[in-house]
Amino acid sequence: MNLLLDAIAWIVDPANWTGPGSIPLRIWEHLWVAALVLVIASAIALPIGMLIGHTGRGKQFAVMTSGGLRALPTLGALTLFGLWLGIGLPAPVIALVILAIPPLLAGAYAGFESVDRRTIDAARAVGMNEPQVVGKVELPLSLPIVVGGIRSASLQIIATAILAAYIADFGLGRPIFEGLRTRDYGEMLGASILVIILALVVDGAFALAQRLAVPAGVRANRTRELRSRPARPRAILGQPINEGNQQ
Amino acid sequence: MIEFRGVTKQFPDGTLAVEGVDIVIPPHQTTVLVGSSGSGKTTLLRMINRMVDPTAGQVLIDGTDVATLDPVNLRRGIGYVMQNSGLLPHRKVIDNVATVPLLRGVSKRAAYAHALELLDTVGLDRSLADRYPSQLSGGQQQRVGVARGLAVDPNILLMDEPFGAVDPIVRAELQQELLRLQGELGKTVVFVTHDIDEAFLLGDQVVIMQQGGQISQAASPAEILAAPADAFVADFVGADRGKRALHLTDVGGRQVVVDADGRPAGVLSS
Amino acid sequence: MTWLWSNLDLVGELIVVHLALSVPAIILSFVVSVPIGWLAHRYRWSRGVLLSLCGLLYAIPSVALLIALPVVTGQGVRSPLNLVVALTLYGIAVIVRTSADAFDSVERDIRQSATAIGYSEVGRFWGVELPLAGPVLLSGLRVVIVSTVSLATIGAVIGVQSLGSLFTDGFQRGIQAEVITGVVATIALALVLDALAVLGGRLLMPWTRSAIAIGRAGAGTPAKQARAA
Amino acid sequence: GCASGDPLDSGSGDGDGASETIVIGSQEYYSNEIIAEIYAQALEENGVDVEREFRIGQREVYIPEIEDGSIDVFPEYTGNLLQFYVPDTTATTSDDVYAELEASLPEGLRVLDQSPATDQDSYNVTKEFSEANGVTSLADLANVTTPMTLGGNSELATRPYGPEGLKEVYGVEVAFTPIEDSGGPLTLKALEDGQVQLVNIYSANPAIASNELVTLEDPEGLFLASNVVPVVSEKVTDEIAEIINTVSAALTAEDLVALNALSVDEQQSADQIASDWLAEKALF
Amino acid sequence: MIEFRGVTKQFPDGTLAVEGVDIVIPPHQTTVLVGSSGSGKTTLLRMINRMVDPTAGQVLIDGTDVATLDPVNLRRGIGYVMQNSGLLPHRKVIDNVATVPLLRGVSKRAAYAHALELLDTVGLDRSLADRYPSQLSGGQQQRVGVARGLAVDPNILLMDEPFGAVDPIVRAELQQELLRLQGELGKTVVFVTHDIDEAFLLGDQVVIMQQGGQISQAASPAEILAAPADAFVADFVGADRGKRALHLTDVGGRQVVVDADGRPAGVLSS
């Protein structure tokens, strides 16, 4: 508990709120790097995930890649990239991008896959071309899940972005490392608390976005789910459970 | 006129869904494809708007092989109604109906005005235009589906078990509605069902398909009933189960028509 | 490569140590998350709170957690127990949502049918809900396996031996082969455990591999038709 | 413990000296591990039972274990250890530091003789920089006109010999970039790439020689001297202390750099390096 | 005998699913509850095995109020078959059938032996015993569902749209099978459907329910057809749509029975 008091003391100490390396500056840096990583990772992972979800092909590839990337220890990746690229932001940004890709990829393909095939089929049957099917049907309907992927990616990025400070003078990781090295645990814990709060706020924002992303018609559906099932379901047997676990 | 010439479809996984089918679907009439599950009805229907391409044979619309037409354009000119209505859940009713005209570049105003008229045509209140599909009952959704199918005033209307998912009362209503509509519009309707009663009710021509995508008989309902082409057809229409072998019996002074199992089919009007 | 050949036994030893750290954490987080997930599934109102709280565990910076934990557990900083607890917490963050989804994925019809034929509440949980949630639980477990094995390397930062020690040591000595060996060994270990989990899933859930449905099931679903078109 | 070498000689406590097992620890630092391994092999040669607890992190992790008696011998560095106990110490010379350290150690701990070998903070520049600006000592830096950045672990920013100290003692102004690898490859790369001009590297780091870096002299004694010194518990008898002291006396600063170079450049294991060195010195 | 006395069910969300229902369900006969979607059929059925408890009124089995019985034990003594067969997908066919006896503590050997016999009873090959439900066709699954319902040799068998999800040919087969079985076993069967034809075929007594969970008519099929209680029933059985108003017409020398819409219903056997 003593530690906690020290942490709070560090956070509220006015000396830490001004000048170079001040708390607001660190928070700003942290957010900025996280946003950059999120944008880059999204630009890579979302289109691939959507393509896989849209075509239904390459899911195995996605599962394998996500698994492999997830297994890649971020610390190891960071050191390796550090050795090759030197200090500064490039190495941590790449390491974090790798970290963020699996949840984004999974969100995108799971989202696209979750769209009722009959709806897509109908869209095609009335004469939508492929881009229209993607843009007007699959994207809006999969948005909540896609945003869910972005949400968990952003949580991981913010939590792990402290590693950026390992080789760059950046973000809330700096006071954490500094506190660790100088055994100023108040500082270390204080900065950690800030990271958690930051994550909380960003996560909350994305949770809200996720809710807003549910299309109006689909939301209306939720409130009417009283009936146990459609009047006459067709005989579709042995439906597989759609998760990342299908071989 | 739609013509199937020696059409075969084998799916990549080896399933032979349809084999060597020849049918002529006359214009301005309703042709019903009926058969049990997996007999290839949907596959056949989808060849008309190129949702499926045959592996052998040709499908001709008014003499033109559809394989030579651009699929997206072709589909925009053919109405399509499916079992679960196939409406886009995130679009309002009016947007759903106006989808295809808008895709074809009709102005928003014109498309919406026409869509509202179509709601009248299919017997829906205009006040429903701003609802989402999930806020409608199953029967209402099917009506919207039909309205959407009619939106580009197509010559051909494909309907794949459009009333399969609604309960019997609503179903009967929708069937009547379709008969009325078809009386007014005279489209070339190709209708898929696996309910032989529905087929007999709606079809000018009924095509009975059997497992493996072959055609057992294609004729008018009365002809099929009077002279089933083979044992499969007889079984399918229920002739050999006694369902169609009726006799009369007297209940409370009225002539009740009863089938071979003793199940009452109706009352004879004098 | 020469480094690897002359240090094979070191790598082998570290793999064992790494397993000893990550496997208990994986099992613990699974065992803890399943009931939490079930609660979130069963009591809708608790869902948001439980899932968000558990998810946020992930946001705790690992270095800070590893320093702060000893205060809570009363163990020395270097005690592997701290690392196991930390890894378990992160594991929980990863899997709780999936385990709630897993129970959601059990069809209502099946649940009701089980009740109708006379399963008691408890009997239904063990006999029906848990096994049927299995496939989704397994998918969550697989993510936990992979991420825990990867995360266990951070132990090296505070001096708990693991494959991560190859990073720190290789890094100090500038031996890239050592760092790469560490990375590759970690990934390989994760994938092997993952494969074992899949295998275990097949053995425990034989019905999932036999879904060679007959008739129209599967083959005739609109999904396939749409794709074939 | 790992890398403890030949399993055959770990149980060779056939001597009659000490009946109790001596636990030797080391930092998560290859150079420290080599020294610990030398202690261990030296003791084993003399029939002492030894248990190795190597690579156990940084001071905040292992000091408590030395204090509570779970570790008996631990190679340390006078300056850094003093700073751990007396963060605001003003001592800088070898002898001052050693004296103050002896006085400030907690109950139950003591240090044996310090070795001539040092492994202490030092500021280094590239050969080109040194030649281009005529810099060989910290004092010369005051004449450099281009802006300079110092690279080192984050704690350097607050150390008395950090940027503040440079300014006070030598009147040199530098910016600071934290690189958390204790003068490792990242630091070297940053120096080569010109992202920093001045780096803090431990003096025993063989990279200084292999990269032809110039270690700047410290005429004003800015840096805390940091000699290798064993911290030991009460379990360590005079007999054992005698053996370790012999080792310490034989280990020179040059030796330490050379041993480190064997580890880094030849990728040899600590075990092998230690036994070769002991054989070469023929101490026992 | 099962008796509903003034039974009402209002769900916590306010839906009044069933209101003031009184029915007597005679033993060893089949009673069919029929009505459109949401009319409360399932709710009523489930009150018998306490899956739903009424908010007012009583349900009596042989004079005992079920509310006084332990629900789990009660359910283990009543067969229940549902639309999607309700089989446990992770258990083999044989295990599914033997579930309830095993729950009741019957020995494994006896339960399995009996389960195999039941497969014979419902017309399934014993070789299917080791398959998982997903490896069976829809019709086969339903048969397994029936076998499971019979496994404890219950006096009462509840069936909730058991054939709703299979295609018409299989459905007809299953209906015949059920008639045969019931002829042999003579259980008290309560059967829910929304297909009036099915109700007429299977029911000794048919209970027609209307929206809001009220009973419009409960009588034998012929009585209902000859004298519908009200306009709703007449509409529901199709009398006023002309579906049941039949007349005769000659096609190719045979007497075809045709309804008021001109849709052929069957052929009159002399």
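The chains carry the letters A, B, C, D and E, assigned in the order they are written, with residues numbered from 1 in each.
Basically, a contact is a pair of C-beta atoms (placed from the backbone, for glycine too) under 8 Å apart; a residue touches a chain by one contact, two chains touch by 3 or more.
Just so you know, these numbers come straight off a predicted model, no measurement behind them.
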item	value
Path length in the contact graph (subunit C to subunit E, fewest steps)	1
A-D or A-B, whichever has more C-beta pairs in contact	A-B
Chain located farthest away, centre of subunit E as origin (C-alpha)	D
Chain whose mean Cα position lies farthest from subunit B	D
Euclidean distance of C-alpha centroids - subunit A vs subunit B, Å	46
Distance between chain centroids, defined by C-alpha means - subunit B, subunit D (Å)	86
Distance from subunit D to subunit C - Cα centre to Cα centre, in angstrom	40
Chain centre separation (subunit B, subunit C; CA means) in Å	50
Multi-chain contact sites of subunit B, meaning residues that touch two or more partners	37, 46, 51, 138, 167
Multi-chain contact sites of subunit A, meaning residues that touch two or more partners	83, 118, 121, 124, 177, 228, 231-232, 234-235, 237-238
Multi-chain contact residues (two or more partners), subunit C	67, 109, 156-157, 171, 211, 213-217, 225, 229
Of all residues in subunit A, those that touch subunit D in their complex	82-83, 86-88, 165-167, 169, 174, 177-178, 181-183
Interfacial residue positions of subunit B with respect to subunit A in the complex	37, 46, 49, 51, 72-77, 80, 82-84, 86-92, 99-100, 103-104, 131-135, 138, 148, 164-167
Sites on subunit D touched by subunit A in the complex	60, 151, 153-155, 157-158, 177-181, 185-186, 189-190, 193, 195
Residue ranges of subunit C in contact with subunit E within the complex	109-110, 112-120, 123, 128, 131-132, 134, 205-207, 210-215, 217
In the complex with subunit B, residue positions of subunit E that touch it	36-37, 167-170, 172, 176, 179, 194-197, 200-201, 221-223, 225-227, 235-236, 238-239, 241, 243-249, 251-252, 254, 256-261, 263-269
